[in-house]
(Lines give C-alpha, C1' and ligand atoms only; values in the text may rest on other atoms or scores of the structure.)
Protein backbone atom coordinates (compact mmCIF):
# COMPACT_ATOMS: atom_id res chain seq x y z
CA UNK A 1 0.00 0.00 0.00
CA UNK A 2 1.14 3.55 -0.56
CA UNK A 3 0.20 6.88 0.94
CA UNK A 4 -3.20 7.53 -0.66
CA UNK A 5 -6.04 8.61 1.64
CA UNK A 6 -8.27 5.65 0.79
CA UNK A 7 -8.07 2.48 -1.24
CA UNK A 8 -10.66 -0.15 -2.18
CA UNK A 9 -10.28 -3.55 -3.83
CA UNK A 10 -12.55 -4.90 -6.59
CA UNK A 11 -12.85 -7.86 -8.93
CA UNK A 12 -14.31 -7.57 -12.43
CA UNK A 13 -17.69 -9.24 -12.81
CA UNK A 14 -18.48 -10.83 -16.18
CA UNK A 15 -21.65 -8.80 -16.75
CA UNK A 16 -19.48 -5.66 -16.71
CA UNK A 17 -17.65 -6.80 -19.87
CA UNK A 18 -18.95 -6.02 -23.34
CA UNK A 19 -18.76 -7.40 -26.89
CA UNK A 20 -15.02 -6.66 -27.01
CA UNK A 21 -14.46 -8.88 -23.96
CA UNK A 22 -13.26 -5.94 -21.85
CA UNK A 23 -14.93 -3.90 -19.13
CA UNK A 24 -17.23 -1.39 -20.85
CA UNK A 25 -16.00 2.20 -20.64
CA UNK A 26 -19.09 3.34 -18.68
CA UNK A 27 -18.60 0.76 -15.93
CA UNK A 28 -15.47 2.56 -14.71
CA UNK A 29 -17.71 5.40 -13.53
CA UNK A 30 -19.62 2.84 -11.45
CA UNK A 31 -16.37 1.60 -9.93
CA UNK A 32 -15.15 5.14 -9.24
CA UNK A 33 -18.45 6.16 -7.62
CA UNK A 34 -18.46 3.11 -5.36
CA UNK A 35 -14.90 3.84 -4.25
CA UNK A 36 -15.80 7.48 -3.48
CA UNK A 37 -18.90 6.49 -1.50
CA UNK A 38 -16.93 3.96 0.54
CA UNK A 39 -14.30 6.66 1.16
CA UNK A 40 -17.09 8.94 2.44
CA UNK A 41 -18.45 6.13 4.63
CA UNK A 42 -14.99 5.51 6.08
CA UNK A 43 -15.25 9.08 7.43
CA UNK A 44 -18.80 8.69 8.67
CA UNK A 45 -20.67 10.18 5.70
CA UNK A 46 -23.44 8.21 4.01
CA UNK A 47 -24.30 9.40 0.50
CA UNK A 48 -27.76 7.80 0.85
CA UNK A 49 -28.43 9.50 4.21
CA UNK A 50 -27.29 12.86 2.86
CA UNK A 51 -29.65 12.54 -0.08
CA UNK A 52 -32.56 11.70 2.26
CA UNK A 53 -31.82 15.03 3.96
CA UNK A 54 -32.05 16.68 0.49
CA UNK A 55 -28.34 17.42 0.52
CA UNK A 56 -27.02 16.09 -2.75
CA UNK A 57 -23.40 15.61 -3.67
CA UNK A 58 -23.18 15.96 -7.44
CA UNK A 59 -20.51 15.43 -10.05
CA UNK A 60 -19.88 18.50 -12.20
CA UNK A 61 -16.93 17.37 -14.32
CA UNK A 62 -15.11 14.13 -14.97
CA UNK A 63 -11.81 13.50 -16.73
CA UNK A 64 -10.94 9.90 -17.42
CA UNK A 65 -7.74 8.57 -18.98
CA UNK A 66 -8.07 4.94 -20.01
CA UNK A 67 -4.56 3.45 -19.86
CA UNK A 68 -5.15 -0.30 -20.18
CA UNK A 69 -8.30 -2.43 -20.18
CA UNK A 70 -9.69 -4.68 -17.47
CA UNK A 71 -10.96 -8.15 -18.41
CA UNK A 72 -13.01 -10.98 -16.93
CA UNK A 73 -11.61 -12.05 -13.58
CA UNK A 74 -9.15 -9.17 -13.17
CA UNK A 75 -8.60 -7.90 -9.66
CA UNK A 76 -7.83 -4.23 -9.13
CA UNK A 77 -7.74 -1.46 -6.58
CA UNK A 78 -8.87 2.13 -6.69
CA UNK A 79 -6.89 4.71 -4.76
CA UNK A 80 -8.58 7.98 -3.85
CA UNK A 81 -7.34 11.38 -2.72
CA UNK A 82 -9.56 14.33 -1.85
CA UNK A 83 -8.54 17.85 -2.86
CA UNK A 84 -10.28 21.17 -2.32
CA UNK A 85 -10.24 23.18 -5.54
CA UNK A 86 -12.22 26.31 -4.69
CA UNK A 87 -14.75 27.41 -2.06
CA UNK A 88 -17.53 25.47 -3.81
CA UNK A 89 -15.65 22.75 -5.67
CA UNK A 90 -13.73 19.69 -4.58
CA UNK A 91 -12.02 16.96 -6.56
CA UNK A 92 -11.48 13.26 -6.04
CA UNK A 93 -8.27 12.14 -7.69
CA UNK A 94 -8.70 8.44 -8.39
CA UNK A 95 -6.32 5.91 -9.85
CA UNK A 96 -7.12 2.34 -10.82
CA UNK A 97 -4.35 -0.27 -10.68
CA UNK A 98 -4.57 -3.90 -11.69
CA UNK A 99 -3.43 -6.35 -9.06
CA UNK A 100 -1.04 -7.80 -8.21
CA UNK A 101 1.39 -6.00 -10.55
CA UNK A 102 0.00 -2.44 -10.12
CA UNK A 103 -0.33 -1.98 -13.89
CA UNK A 104 -1.98 1.41 -14.44
CA UNK A 105 -5.57 1.07 -15.69
CA UNK A 106 -7.03 4.56 -15.32
CA UNK A 107 -6.36 8.05 -14.04
CA UNK A 108 -9.50 9.95 -13.12
CA UNK A 109 -10.40 13.36 -11.78
CA UNK A 110 -13.95 13.71 -10.53
CA UNK A 111 -15.00 17.26 -9.64
CA UNK A 112 -18.01 17.76 -7.43
CA UNK A 113 -20.00 20.12 -5.30
CA UNK A 114 -22.99 19.92 -2.97
CA UNK A 115 -26.52 21.11 -3.63
CA UNK A 116 -28.54 22.11 -0.56
CA UNK A 117 -32.29 21.77 0.11
CA UNK A 118 -32.85 25.07 -1.72
CA UNK A 119 -31.03 23.89 -4.83
CA UNK A 120 -28.02 26.13 -4.22
CA UNK A 121 -24.38 25.00 -4.47
CA UNK A 122 -22.76 24.46 -1.09
CA UNK A 123 -20.13 22.45 0.68
CA UNK A 124 -22.08 20.30 3.14
CA UNK A 125 -20.98 20.62 6.76
CA UNK A 126 -20.11 16.89 6.77
CA UNK A 127 -17.61 17.34 3.93
CA UNK A 128 -16.13 20.45 5.50
CA UNK A 129 -15.47 18.79 8.85
CA UNK A 130 -14.27 15.41 7.66
CA UNK A 131 -12.32 16.30 4.55
CA UNK A 132 -11.42 19.97 4.23
CA UNK A 133 -10.58 20.93 7.81
CA UNK A 134 -8.71 17.68 8.34
CA UNK A 135 -6.34 18.48 5.51
CA UNK A 136 -5.52 22.00 6.69
CA UNK B 1 -32.23 20.69 -35.92
CA UNK B 2 -28.90 22.43 -36.34
CA UNK B 3 -25.79 21.67 -38.32
CA UNK B 4 -24.26 18.83 -36.31
CA UNK B 5 -23.14 15.73 -38.22
CA UNK B 6 -25.44 13.35 -36.37
CA UNK B 7 -28.19 13.54 -33.78
CA UNK B 8 -30.10 10.88 -31.86
CA UNK B 9 -33.16 11.14 -29.63
CA UNK B 10 -33.59 9.35 -26.29
CA UNK B 11 -35.95 9.16 -23.35
CA UNK B 12 -34.79 8.53 -19.78
CA UNK B 13 -35.76 5.10 -18.45
CA UNK B 14 -36.53 4.83 -14.74
CA UNK B 15 -33.91 2.14 -14.06
CA UNK B 16 -31.27 4.69 -15.14
CA UNK B 17 -32.11 6.96 -12.20
CA UNK B 18 -30.51 6.55 -8.81
CA UNK B 19 -31.24 7.29 -5.14
CA UNK B 20 -31.16 11.04 -5.86
CA UNK B 21 -33.95 10.64 -8.42
CA UNK B 22 -31.70 11.75 -11.28
CA UNK B 23 -29.92 9.83 -14.03
CA UNK B 24 -26.79 8.32 -12.50
CA UNK B 25 -23.56 9.95 -13.67
CA UNK B 26 -22.28 6.70 -15.23
CA UNK B 27 -25.35 6.24 -17.42
CA UNK B 28 -24.38 9.25 -19.54
CA UNK B 29 -21.45 7.22 -20.87
CA UNK B 30 -23.97 4.59 -21.99
CA UNK B 31 -26.02 7.24 -23.78
CA UNK B 32 -22.92 8.76 -25.39
CA UNK B 33 -21.66 5.36 -26.57
CA UNK B 34 -25.00 4.45 -28.08
CA UNK B 35 -25.13 7.77 -29.97
CA UNK B 36 -21.60 7.22 -31.32
CA UNK B 37 -22.35 3.67 -32.44
CA UNK B 38 -25.51 4.79 -34.22
CA UNK B 39 -23.47 7.57 -35.86
CA UNK B 40 -21.00 4.92 -37.07
CA UNK B 41 -23.89 2.76 -38.33
CA UNK B 42 -25.35 5.71 -40.22
CA UNK B 43 -22.10 5.66 -42.21
CA UNK B 44 -22.09 1.90 -42.68
CA UNK B 45 -19.79 0.92 -39.80
CA UNK B 46 -20.88 -1.68 -37.27
CA UNK B 47 -18.95 -1.57 -33.99
CA UNK B 48 -19.96 -5.22 -33.38
CA UNK B 49 -18.81 -6.37 -36.84
CA UNK B 50 -15.51 -4.51 -36.46
CA UNK B 51 -14.86 -6.20 -33.15
CA UNK B 52 -15.59 -9.64 -34.68
CA UNK B 53 -12.79 -8.85 -37.17
CA UNK B 54 -10.55 -8.12 -34.15
CA UNK B 55 -10.49 -4.42 -35.00
CA UNK B 56 -11.41 -2.63 -31.81
CA UNK B 57 -12.34 0.99 -31.47
CA UNK B 58 -11.36 2.07 -27.98
CA UNK B 59 -11.89 5.13 -25.82
CA UNK B 60 -8.64 6.61 -24.53
CA UNK B 61 -9.85 9.76 -22.79
CA UNK B 62 -13.20 11.22 -21.81
CA UNK B 63 -14.06 14.72 -20.58
CA UNK B 64 -17.58 15.19 -19.29
CA UNK B 65 -19.14 18.44 -18.12
CA UNK B 66 -22.41 17.86 -16.28
CA UNK B 67 -24.50 21.03 -16.75
CA UNK B 68 -27.97 20.01 -15.52
CA UNK B 69 -29.47 16.68 -14.51
CA UNK B 70 -31.90 14.45 -16.40
CA UNK B 71 -34.87 12.96 -14.52
CA UNK B 72 -37.51 10.27 -14.98
CA UNK B 73 -39.38 10.76 -18.22
CA UNK B 74 -37.11 13.46 -19.66
CA UNK B 75 -36.60 13.41 -23.40
CA UNK B 76 -33.30 14.54 -24.83
CA UNK B 77 -31.10 14.45 -27.88
CA UNK B 78 -27.40 13.88 -28.34
CA UNK B 79 -25.60 15.74 -31.10
CA UNK B 80 -22.31 14.35 -32.36
CA UNK B 81 -19.43 15.77 -34.40
CA UNK B 82 -16.34 13.84 -35.46
CA UNK B 83 -12.94 15.51 -35.42
CA UNK B 84 -9.53 14.17 -36.33
CA UNK B 85 -7.01 15.16 -33.67
CA UNK B 86 -3.79 13.50 -34.81
CA UNK B 87 -2.77 10.64 -37.11
CA UNK B 88 -3.82 8.06 -34.50
CA UNK B 89 -6.44 9.89 -32.48
CA UNK B 90 -9.94 11.10 -33.21
CA UNK B 91 -12.52 12.80 -31.04
CA UNK B 92 -16.29 12.72 -30.85
CA UNK B 93 -17.65 16.05 -29.61
CA UNK B 94 -21.01 15.26 -28.07
CA UNK B 95 -23.62 17.53 -26.56
CA UNK B 96 -26.76 16.49 -24.72
CA UNK B 97 -29.79 18.79 -24.81
CA UNK B 98 -33.08 18.29 -23.02
CA UNK B 99 -36.14 18.50 -25.23
CA UNK B 100 -38.10 20.43 -26.16
CA UNK B 101 -36.35 23.52 -24.76
CA UNK B 102 -32.73 22.58 -25.67
CA UNK B 103 -31.57 23.13 -22.10
CA UNK B 104 -27.91 22.10 -22.00
CA UNK B 105 -27.37 18.85 -20.06
CA UNK B 106 -23.81 17.82 -20.90
CA UNK B 107 -20.78 18.68 -23.00
CA UNK B 108 -18.57 15.69 -23.70
CA UNK B 109 -15.35 14.99 -25.56
CA UNK B 110 -14.61 11.34 -26.18
CA UNK B 111 -11.15 10.64 -27.62
CA UNK B 112 -10.54 7.31 -29.29
CA UNK B 113 -8.29 5.25 -31.48
CA UNK B 114 -8.37 1.84 -33.13
CA UNK B 115 -6.47 -1.28 -32.12
CA UNK B 116 -5.73 -3.74 -34.94
CA UNK B 117 -5.52 -7.56 -34.81
CA UNK B 118 -1.89 -7.28 -33.70
CA UNK B 119 -2.79 -5.02 -30.77
CA UNK B 120 -1.27 -1.92 -32.38
CA UNK B 121 -2.95 1.50 -32.53
CA UNK B 122 -4.36 2.27 -35.96
CA UNK B 123 -7.09 4.18 -37.70
CA UNK B 124 -9.28 1.48 -39.24
CA UNK B 125 -9.81 1.80 -42.98
CA UNK B 126 -13.58 2.16 -42.37
CA UNK B 127 -13.07 5.23 -40.19
CA UNK B 128 -10.60 6.76 -42.61
CA UNK B 129 -12.94 6.46 -45.60
CA UNK B 130 -16.19 7.42 -43.95
CA UNK B 131 -15.11 10.09 -41.53
CA UNK B 132 -11.65 11.53 -42.16
CA UNK B 133 -11.52 11.72 -45.96
CA UNK B 134 -15.07 12.97 -46.11
CA UNK B 135 -14.19 15.96 -44.01
CA UNK B 136 -11.12 16.94 -46.02
CA UNK C 1 -50.02 -5.09 -34.36
CA UNK C 2 -52.19 -7.49 -32.43
CA UNK C 3 -54.60 -7.12 -29.56
CA UNK C 4 -52.29 -6.60 -26.60
CA UNK C 5 -53.05 -3.73 -24.21
CA UNK C 6 -49.75 -1.97 -24.77
CA UNK C 7 -46.69 -2.34 -26.95
CA UNK C 8 -43.34 -0.57 -27.03
CA UNK C 9 -40.50 -0.69 -29.55
CA UNK C 10 -36.79 -0.91 -28.67
CA UNK C 11 -33.42 -1.32 -30.31
CA UNK C 12 -30.54 -3.18 -28.67
CA UNK C 13 -27.69 -0.89 -27.57
CA UNK C 14 -24.17 -2.31 -27.76
CA UNK C 15 -23.39 -1.72 -24.07
CA UNK C 16 -26.23 -4.12 -23.24
CA UNK C 17 -24.38 -7.03 -24.87
CA UNK C 18 -21.87 -9.12 -22.97
CA UNK C 19 -18.81 -11.28 -23.64
CA UNK C 20 -20.95 -13.77 -25.58
CA UNK C 21 -22.02 -11.01 -27.98
CA UNK C 22 -25.67 -11.27 -26.91
CA UNK C 23 -27.83 -9.12 -24.67
CA UNK C 24 -26.98 -10.04 -21.07
CA UNK C 25 -29.73 -11.95 -19.28
CA UNK C 26 -30.19 -9.21 -16.64
CA UNK C 27 -30.82 -6.49 -19.22
CA UNK C 28 -34.16 -8.06 -20.16
CA UNK C 29 -35.47 -7.01 -16.75
CA UNK C 30 -34.49 -3.43 -17.61
CA UNK C 31 -36.38 -3.67 -20.90
CA UNK C 32 -39.43 -5.21 -19.22
CA UNK C 33 -39.48 -2.57 -16.49
CA UNK C 34 -39.26 0.26 -19.00
CA UNK C 35 -42.15 -1.22 -21.01
CA UNK C 36 -44.28 -1.53 -17.84
CA UNK C 37 -43.55 2.04 -16.74
CA UNK C 38 -44.43 3.39 -20.19
CA UNK C 39 -47.64 1.32 -20.04
CA UNK C 40 -48.44 2.95 -16.68
CA UNK C 41 -47.65 6.40 -18.12
CA UNK C 42 -49.95 5.75 -21.07
CA UNK C 43 -52.73 5.50 -18.47
CA UNK C 44 -51.61 8.58 -16.55
CA UNK C 45 -49.55 6.89 -13.81
CA UNK C 46 -45.98 7.97 -13.17
CA UNK C 47 -43.89 5.43 -11.27
CA UNK C 48 -41.56 8.25 -10.17
CA UNK C 49 -44.43 10.43 -8.94
CA UNK C 50 -45.97 7.51 -7.05
CA UNK C 51 -42.69 6.81 -5.32
CA UNK C 52 -42.35 10.49 -4.29
CA UNK C 53 -45.74 10.03 -2.57
CA UNK C 54 -44.23 7.01 -0.74
CA UNK C 55 -46.47 4.65 -2.69
CA UNK C 56 -44.17 2.02 -4.11
CA UNK C 57 -45.04 -0.51 -6.76
CA UNK C 58 -42.85 -3.52 -6.15
CA UNK C 59 -42.07 -6.73 -7.98
CA UNK C 60 -42.67 -9.83 -5.88
CA UNK C 61 -42.06 -12.61 -8.39
CA UNK C 62 -40.68 -12.87 -11.90
CA UNK C 63 -40.76 -15.78 -14.34
CA UNK C 64 -38.66 -15.39 -17.46
CA UNK C 65 -38.44 -17.84 -20.37
CA UNK C 66 -35.54 -17.02 -22.67
CA UNK C 67 -36.50 -18.31 -26.13
CA UNK C 68 -33.89 -16.79 -28.43
CA UNK C 69 -31.15 -14.19 -27.90
CA UNK C 70 -31.03 -10.57 -28.98
CA UNK C 71 -27.84 -9.22 -30.54
CA UNK C 72 -26.23 -5.89 -31.42
CA UNK C 73 -28.55 -3.81 -33.58
CA UNK C 74 -31.64 -6.02 -33.18
CA UNK C 75 -34.97 -4.25 -33.08
CA UNK C 76 -37.76 -5.69 -30.99
CA UNK C 77 -41.06 -4.93 -29.36
CA UNK C 78 -42.47 -5.75 -25.95
CA UNK C 79 -46.18 -6.45 -25.64
CA UNK C 80 -47.80 -6.07 -22.24
CA UNK C 81 -51.09 -7.24 -20.73
CA UNK C 82 -52.26 -6.48 -17.20
CA UNK C 83 -54.06 -9.16 -15.17
CA UNK C 84 -55.44 -9.04 -11.66
CA UNK C 85 -54.44 -12.18 -9.79
CA UNK C 86 -55.82 -11.65 -6.29
CA UNK C 87 -56.95 -8.71 -4.15
CA UNK C 88 -53.36 -7.70 -3.46
CA UNK C 89 -51.50 -9.07 -6.46
CA UNK C 90 -51.42 -8.18 -10.14
CA UNK C 91 -49.40 -9.55 -13.02
CA UNK C 92 -47.92 -8.05 -16.16
CA UNK C 93 -47.73 -10.65 -18.90
CA UNK C 94 -44.98 -9.51 -21.22
CA UNK C 95 -43.72 -10.95 -24.48
CA UNK C 96 -40.67 -9.85 -26.43
CA UNK C 97 -40.64 -10.30 -30.21
CA UNK C 98 -37.81 -9.55 -32.58
CA UNK C 99 -38.73 -7.32 -35.50
CA UNK C 100 -39.64 -7.48 -38.26
CA UNK C 101 -40.29 -11.26 -38.25
CA UNK C 102 -41.90 -11.54 -34.79
CA UNK C 103 -39.48 -14.26 -33.72
CA UNK C 104 -40.24 -15.03 -30.07
CA UNK C 105 -37.46 -13.79 -27.75
CA UNK C 106 -38.97 -14.03 -24.27
CA UNK C 107 -42.12 -14.81 -22.33
CA UNK C 108 -42.28 -13.09 -18.97
CA UNK C 109 -44.65 -12.89 -16.05
CA UNK C 110 -43.97 -10.12 -13.58
CA UNK C 111 -46.07 -10.24 -10.39
CA UNK C 112 -46.36 -7.12 -8.31
CA UNK C 113 -48.15 -5.34 -5.52
CA UNK C 114 -48.16 -1.88 -3.97
CA UNK C 115 -46.67 -0.82 -0.65
CA UNK C 116 -48.30 2.19 1.01
CA UNK C 117 -46.73 4.91 3.18
CA UNK C 118 -47.11 2.64 6.21
CA UNK C 119 -45.23 -0.21 4.55
CA UNK C 120 -48.38 -2.32 4.09
CA UNK C 121 -49.33 -4.13 0.86
CA UNK C 122 -52.06 -2.35 -1.06
CA UNK C 123 -53.39 -1.78 -4.52
CA UNK C 124 -52.87 1.94 -5.12
CA UNK C 125 -55.99 3.84 -6.12
CA UNK C 126 -54.35 4.79 -9.42
CA UNK C 127 -53.90 1.13 -10.38
CA UNK C 128 -57.42 0.23 -9.30
CA UNK C 129 -59.04 2.96 -11.42
CA UNK C 130 -56.93 2.69 -14.52
CA UNK C 131 -56.31 -1.01 -14.76
CA UNK C 132 -58.59 -3.15 -12.63
CA UNK C 133 -61.93 -1.38 -12.96
CA UNK C 134 -61.36 -0.80 -16.65
CA UNK C 135 -61.07 -4.52 -17.27
CA UNK C 136 -64.20 -5.47 -15.36
CA UNK D 1 -21.99 -21.11 7.09
CA UNK D 2 -24.36 -23.91 6.20
CA UNK D 3 -24.15 -26.84 3.83
CA UNK D 4 -24.65 -25.13 0.46
CA UNK D 5 -22.16 -25.98 -2.28
CA UNK D 6 -20.95 -22.41 -2.72
CA UNK D 7 -21.43 -19.05 -1.09
CA UNK D 8 -20.29 -15.55 -2.01
CA UNK D 9 -20.45 -12.27 -0.07
CA UNK D 10 -21.48 -8.90 -1.54
CA UNK D 11 -22.17 -5.36 -0.49
CA UNK D 12 -24.77 -3.15 -2.19
CA UNK D 13 -23.25 -0.33 -4.26
CA UNK D 14 -25.21 2.94 -4.41
CA UNK D 15 -25.44 2.98 -8.22
CA UNK D 16 -27.41 -0.27 -7.99
CA UNK D 17 -30.25 1.48 -6.14
CA UNK D 18 -33.06 3.22 -7.97
CA UNK D 19 -35.58 6.02 -7.43
CA UNK D 20 -37.25 4.02 -4.65
CA UNK D 21 -33.97 3.87 -2.72
CA UNK D 22 -33.77 0.09 -3.04
CA UNK D 23 -31.72 -2.19 -5.27
CA UNK D 24 -33.41 -2.25 -8.68
CA UNK D 25 -35.09 -5.55 -9.49
CA UNK D 26 -32.84 -6.19 -12.52
CA UNK D 27 -29.64 -5.87 -10.51
CA UNK D 28 -30.40 -9.12 -8.67
CA UNK D 29 -29.77 -10.97 -11.94
CA UNK D 30 -26.32 -9.36 -12.04
CA UNK D 31 -25.63 -10.53 -8.50
CA UNK D 32 -26.90 -14.03 -9.23
CA UNK D 33 -24.81 -14.31 -12.41
CA UNK D 34 -21.66 -13.18 -10.63
CA UNK D 35 -22.23 -15.77 -7.86
CA UNK D 36 -22.72 -18.54 -10.46
CA UNK D 37 -19.59 -17.57 -12.39
CA UNK D 38 -17.51 -17.51 -9.22
CA UNK D 39 -18.96 -20.94 -8.33
CA UNK D 40 -17.86 -22.21 -11.77
CA UNK D 41 -14.40 -20.66 -11.26
CA UNK D 42 -14.09 -22.36 -7.86
CA UNK D 43 -14.30 -25.63 -9.79
CA UNK D 44 -11.89 -24.54 -12.49
CA UNK D 45 -14.37 -23.36 -15.13
CA UNK D 46 -14.06 -19.89 -16.64
CA UNK D 47 -17.23 -18.61 -18.31
CA UNK D 48 -15.11 -16.20 -20.38
CA UNK D 49 -12.71 -18.95 -21.52
CA UNK D 50 -15.62 -21.25 -22.42
CA UNK D 51 -17.17 -18.54 -24.53
CA UNK D 52 -13.87 -17.93 -26.36
CA UNK D 53 -14.01 -21.64 -27.31
CA UNK D 54 -17.53 -20.98 -28.69
CA UNK D 55 -19.07 -23.05 -25.90
CA UNK D 56 -21.77 -20.88 -24.40
CA UNK D 57 -23.59 -21.49 -21.16
CA UNK D 58 -27.00 -19.90 -21.51
CA UNK D 59 -29.91 -19.19 -19.21
CA UNK D 60 -33.19 -20.64 -20.47
CA UNK D 61 -35.53 -19.89 -17.58
CA UNK D 62 -35.40 -17.83 -14.40
CA UNK D 63 -37.77 -17.80 -11.42
CA UNK D 64 -37.19 -15.05 -8.90
CA UNK D 65 -39.05 -14.56 -5.63
CA UNK D 66 -38.37 -11.15 -4.11
CA UNK D 67 -38.83 -11.52 -0.33
CA UNK D 68 -37.39 -8.29 1.09
CA UNK D 69 -35.45 -5.42 -0.48
CA UNK D 70 -31.77 -4.57 -0.24
CA UNK D 71 -30.73 -0.97 0.39
CA UNK D 72 -27.64 1.23 0.26
CA UNK D 73 -24.84 -0.29 2.30
CA UNK D 74 -26.50 -3.65 2.95
CA UNK D 75 -24.23 -6.66 3.08
CA UNK D 76 -25.52 -10.01 1.87
CA UNK D 77 -24.48 -13.45 0.75
CA UNK D 78 -25.65 -15.64 -2.09
CA UNK D 79 -25.72 -19.39 -1.56
CA UNK D 80 -25.70 -21.63 -4.62
CA UNK D 81 -26.53 -25.28 -5.22
CA UNK D 82 -26.23 -27.06 -8.57
CA UNK D 83 -28.86 -29.59 -9.62
CA UNK D 84 -29.15 -31.67 -12.78
CA UNK D 85 -32.71 -31.53 -14.09
CA UNK D 86 -32.58 -33.53 -17.31
CA UNK D 87 -29.92 -34.69 -19.78
CA UNK D 88 -29.69 -31.21 -21.32
CA UNK D 89 -30.80 -28.96 -18.47
CA UNK D 90 -29.30 -27.98 -15.15
CA UNK D 91 -30.46 -25.59 -12.46
CA UNK D 92 -28.71 -23.29 -10.03
CA UNK D 93 -30.75 -22.89 -6.86
CA UNK D 94 -29.70 -19.58 -5.39
CA UNK D 95 -30.71 -17.87 -2.18
CA UNK D 96 -29.84 -14.35 -1.09
CA UNK D 97 -29.61 -13.58 2.64
CA UNK D 98 -28.94 -10.24 4.24
CA UNK D 99 -26.10 -10.22 6.74
CA UNK D 100 -25.60 -10.54 9.58
CA UNK D 101 -29.13 -11.66 10.48
CA UNK D 102 -29.74 -14.01 7.48
CA UNK D 103 -33.00 -12.26 6.63
CA UNK D 104 -34.27 -13.86 3.41
CA UNK D 105 -33.99 -11.50 0.44
CA UNK D 106 -34.58 -13.73 -2.58
CA UNK D 107 -35.14 -17.29 -3.71
CA UNK D 108 -34.06 -17.92 -7.29
CA UNK D 109 -33.97 -20.81 -9.69
CA UNK D 110 -31.86 -20.30 -12.79
CA UNK D 111 -32.18 -23.02 -15.43
CA UNK D 112 -29.48 -23.33 -18.05
CA UNK D 113 -27.95 -25.42 -20.77
CA UNK D 114 -24.87 -25.28 -22.99
CA UNK D 115 -24.71 -24.41 -26.68
CA UNK D 116 -21.82 -25.95 -28.61
CA UNK D 117 -19.84 -24.53 -31.56
CA UNK D 118 -22.51 -25.84 -33.92
CA UNK D 119 -25.30 -24.06 -32.06
CA UNK D 120 -26.73 -27.29 -30.60
CA UNK D 121 -27.73 -27.75 -26.95
CA UNK D 122 -25.19 -29.76 -24.98
CA UNK D 123 -23.78 -30.22 -21.52
CA UNK D 124 -20.16 -29.08 -21.83
CA UNK D 125 -17.59 -31.66 -20.73
CA UNK D 126 -16.37 -29.23 -18.06
CA UNK D 127 -19.81 -29.08 -16.43
CA UNK D 128 -20.25 -32.84 -16.63
CA UNK D 129 -16.95 -33.59 -14.90
CA UNK D 130 -17.01 -30.93 -12.24
CA UNK D 131 -20.67 -30.77 -11.33
CA UNK D 132 -22.73 -33.73 -12.50
CA UNK D 133 -20.37 -36.64 -11.95
CA UNK D 134 -19.24 -35.24 -8.62
CA UNK D 135 -22.77 -35.31 -7.31
CA UNK D 136 -23.48 -38.92 -8.31
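Read from first to last, the chains carry the letters A, B, C and D; within each, the first residue is number 1.
One rule holds in what follows: a residue touches a chain if its C-beta (ideal position, glycine included) is under 8 Å from a C-beta of that chain, and two chains touch if they have at least 3 such contacts.
All of these numbers come straight from a predicted model, not from anything done at the bench.
Each chain gets a centre from the mean of its Cα atoms; the one farthest from the centre of subunit C is A. Between the chain pairs C-D and B-C, more C-beta pairs are in contact across C-D.
A separation of 28 Å divides the Cα centre of subunit B from that of subunit C. Look at where the CA atoms of subunit B average out and do the same for subunit D: the two points lie 33 Å apart. If you average the CA atoms of subunit C and of subunit D, the two centres end up 23 Å from each other.
Residue positions 14-15, 17, 19, 21, 24, 26, 30, 33, 47-48, 72 of subunit B are each in touch with at least two other chains. If you check the complex, the residues on subunit B that touch subunit A are 19-20, 24-27, 29-30, 33, 47-48, 51, 56, 58-66, 69.
Listed in rising order, the residues of subunit B touching subunit D in the complex are 14-15, 17-19, 21, 24, 26, 72. Those residues of subunit A that touch subunit D in the complex are listed here as 13-15, 17, 21, 30, 33-34, 37, 41, 46-48, 52, 71-73.
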